[in-house]
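There are two complexes below, and they share chain A, which is joined by chain B in the first and by chain C in the second.
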Partner chain A sequence: MPGILHSLPYFVAGWLLLCGLYGLVTSKHLVHAVVCLAILQSSTYMLLLAIGYRVGGAAPIFADISTSKLVVDPVVQALMLTDIVVEAVVVALLLAMVVKAHEKSGSVSPNDLRTLRG
Partner chain B sequence: MTNPAISPALAVAVPLLSAAVLAAVRKWLTRTAMDLLGLLASLATLAITGVLLYGAVVHGASVYWLGGWWPRGSVAIGIAMVIEPIGVSLAMLAALLTSLSLLFSWRFMDAGGKHLHPLMLIFLAAMCGFSLTGDLFNLFVFFELMSIAAFALCGLKTAEPAPLQGSFNFAITNSVAGFVVLTGIALLYAVTGALNMAQIGLSIGHRHDPLVLFACTLIFCGFLTKAAIVPFHLWLPDAHAVAPTPVCVLFSGLMVELGLYAVARIYSAIFAQSFSPHTQALHNLLFAFAATTVLLAGFMCYAEHHLKRMLAFSTVCHAGLMLAALASGGALGLAAMLTYLVAHAFVKGGLFFLSGVLLHNQRSITERELFAKGRGLPWAAALWILGAVGLAAAPPFALLLGEAAAEHAAELHHLEGLSALFVIGGALTSAAVLRVGMHTFFGWGEGALTDRSAEIGELPETTPEDRKLRPYHLIPPALCMLLAIALFADPHWLRILRDAAAAMASQAAYLHTTYTGQNVPLTQSSWREAIPGAVARSILALVLGLLVALSSVFRNTLPRKLRLGAFLERGFRPLREMQSGHPGDYVLWMTMGIAAFGSAAMLLLRR
Partner chain C sequence: MTERARNTLFFIAGPVLFFLYGYAALNLPPWGSYRGPYGDAIARLVVYQRHATDIVNAINYDYRGFDTLGEEFILFTAVLGVSMLLRKEESALTKPAGKLSDEVALSGAVRAVNLPALLITTIFGLYIGLHGQLTPGGGFQAGVILATGIVLIYICENTSAFWRITSHSIVEVTEALGAGAYAIIGIIPLFAGLPFLCNFIPLGTTGDVFSSGTIALISASVGVEVTASFLLVVYIYLQEIIAGALSEED
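Take a look at the complex of A and B:
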């Protein structure tokens, strides 16, 4: 049982990745596509947290615990924070583009956005 | 331990801080002041990277640990910036191209108004950081910073719908690529517990298992998306066709190629030892991707009649040639790729500047509308034709040196078909540029053909009352062409690049430099004997290109069977359909590309 529990986060990460990709490929709405991108990125959060997790580890703040105590990996948490910042910027920028597209063409379908082809 | 003369962090900090200051005070500044300050910040970055390059060449490579966090034993705690000639040269190239672009957009570039300068400087900072860092996660952060600045720059012209499409597709595909890279980095961290490239390389060592292979596939495919290798290339023509001209120069000149640089750097620093029994198989795999890219993009390039879109496909084609050069193997292949990269940046940058000149002067970017309109622009005509010669890698352009090195390396490693690839790629791209030149500047033939994208065209980027050409419109393209020729004339830099490429290709040398901060002097023999063969082949490519272009221009006077140019110009329907403009389709192609790369890697590189 513990084996399955340990690998569960990795499966969830893979599942989220596939969900995001599927959503992006089949998307018929620009906001839907942006949200799918956010879901795709959630898979990286999940993966990073799964990698840094230690069974029985404490929070990596050594102010009130001894330095020899087992803690979870703080590096991946820093990576994840950076990742969240990146996502916030990308999503904000993309949504601004969607608003612009709606202003211009009155549509939020990727099919109507297409002007240059071939 | 030698420290660089000035802190390399300045190469990132100066443009980034100036961007923040410029963005904060832009409301109170006139356009001229913005131009001046933006150009100053970019020139300051150029000076900093120049000093760094001088130090790296004269005193050898060095390492700068941010905040003085030196490694303990083999464990790198801090973040390293590795100052070696190749990374610094790329940063310097970024600063130079940014300066030229800002000069080109001087006062009259309407697009984006005062947002242009801060965004360009952020973009420059990200490119400098990307080329200098020795840390894998930092590479991802700068990759994302570069991408986000690029998305915004690409969509600056919000008066038209096409930039929104281009920018949206660009943002979706490149963000997916970024997350794919991050997943790969996370897996490598799980395997090695390290983020410093040297330390990861050290702890992976000879380890070769599916997990390492999977991580490698994800990282390579992510960076190949930025490098626009088929089938990851679909975003590029949409994005380049709509971005403002100065931005196109940076996109095509350097951003795309930095993806290839990242692949080369990561391969030699991290995976070289792990893949050492399978080097040839990996090179064959990369070469297959490169060959597909060159052929597909070459034919698409000739079938386009929107000037920027045509040049964009030419960039995809040349990125394929650079990957082929890298795949020709070893330090020589790396040197070939880098020589080609630098020379191509100048030639392609010059051509994009000239398309901007036409858009400014004639208010159009479509070959059909521009027909015979360029007759009064002798300087632009001369530079445009020079650019066509450059794209065929013919003398006197430094691309020739890269082609010669790649052919020499392919001969040493028994890689077939590389010379043919260079001839086809060079012929098709230079034919397209020559055809546009004959139509636009000489007015030969009876009007140009057109296609769907070209008819949508592009709105002018400058204010309508002013169509005059000023010196700062023609100085940047002239300087670009001149530099590409000067690099051919002066072989001194080639020796430096050759040795630096030898050091970059050697994992042991990179590890030694990162951990001890000391230079490892490595030398590489010259490929002078391969130059005559390359000259012959590049002239063949140029002549073929000229014939195809002529058969296109004079299609109505030719017998039906000889109308090769007109046939190619119509394009191939499946290839055009692939470029559907739908972000979902692009992501699907990317997914299939990753699956293809991964399964081929599993088959070819298993132990």
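Take a look at the complex of A and C:
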């Protein structure tokens, strides 16, 4: 079994996931909950980049290096770009919902949103 | 569920998740020893097959182009959702324009910096967008930078200046055009009997700005779409803030 140092980035990703979950569960404010969701999602960046990393690997840009050089995995980096874009718009959409929830119920606490009202 | 029950459940489930995750993480291949094969295979192929040197963009806009089309429509739908959720009644929109002015007296220094900053940001955004197939960058990044440039006008001037240059309908049409252009670039090859999103344009010389065929074109259309989307979101939120300020005044 490799030492814990060899899996440290995976644990950082797990830690971010738990931090985000903890924040969501104990949230007292909807904006705070949205930010916690963003933190939770950032754990996936960490995990994706950690999986594709190679010690001594160059960035996957062949503009100024030879094509025979070993590079880190570009597939997970492309996935991560998708991830970031989706996170940005999900946050925008959720914040719009927070504004509406505040307008309808006059409160920004997740505990006050028990029933669905039209 | 009461808050207490929810917390208790989390303090049981959280550690369980942590230990299961930790067990799994310890059994993953050690960090930094990526073994492939897909990343290595594609990194070898892209330069020869597509004449693009930024592998990440070549994957996003070509090999995985169908996914990115979906991603772009996620962006489009989410912005649509924001604008639908926060839409205003006609009466709220036609409030006297004079009341909208939040004419704060800004220092002359801030306003003097505005124009050069806008110029530099725009040129940087265009550079990042046009060189996406060669160096890190591409449509998504360029779109965010270009939108930031225009938001600088709001920061350095005021809301009415921002509203003057970003007409709601123009931004909306631009956004739709950006999203539609991607789909159209994908559909054109179908008429020649080629697969959807096939790279049908001559690939050009590797390292040239006009190289890599549809990768550069799609990147540009994504850039237009992202710029318009972000401007639209900022526009809608500004409208919301101003509507809120107006209703407090009433």
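In this section, the second predicted complex is superposed on the first by the 109 of 118 C-alpha atoms of A that agree within 3 Å, B and C clash if a C-alpha of one lies under 4 Å from a C-alpha of the other, contacts with A are read in each partner's own complex, and residues count from 1 in each chain.
One rule holds in what follows: a contact is a pair of C-beta atoms (placed from the backbone, for glycine too) under 8 Å apart; a residue touches a chain by one contact, two chains touch by 3 or more.
Keep in mind that this is a model prediction, so the values were computed, not measured.
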| item | value |
| --- | --- |
| Which superposed partner A:V99 touches (first chain B, second chain C, both, neither) | second |
| Per-residue touch tally on chain A - higher for chain B or for chain C | C |
| Partner chain(s) touched by A:G57 [first = chain B, second = chain C, both, neither] | second |
| Touching partner for A:T67 - first (chain B), second (chain C), both, neither | second |
| Which of chain B and chain C A:L8 touches, first, second, both or neither | second |
| Partner chain in contact with A:Q77 - chain B first, chain C second, else both or neither | second |
| Common interface residues of chain A - those touching chain B in one complex and chain C in the other | 17, 21, 25-26, 51, 75-76, 82, 86, 89-90, 93, 97, 100, 111 |
| Interface residues, chain B side, partner chain A - complex | 137, 141, 144, 148, 151-152, 155, 158, 161-162, 164-168, 171-172, 175-176, 178-179, 182-183, 186-187, 189-190, 195, 237-238, 241-242, 306, 309, 451-453, 456, 571, 576-577, 579-585, 587-588, 591 |
| Chain A-touching residues of chain C, taken from the complex the two chains share | 3, 6-7, 10, 14, 17-18, 21-22, 25-28, 30-34, 36, 38-40, 42-44, 46-47, 53-57, 59-60, 64, 67-68, 71, 74-75, 78-79, 81-82, 85-86, 134-136, 140, 207, 226, 229, 233, 236, 240 |
| Chain A to chain C touching residues, read off their complex | 1-2, 4, 6-11, 14, 17-18, 21-22, 25-26, 50-55, 57, 59-63, 67, 70-78, 81-82, 84-86, 89-90, 92-93, 96-97, 99-100, 111 |
| Residues of chain A defined as touching chain B within the complex | 17, 21, 24-27, 30, 33, 37, 40-41, 43-44, 47-48, 51, 75-76, 79, 82-83, 86, 89-90, 93-94, 97-98, 100-101, 104-105, 110-111, 113-118 |
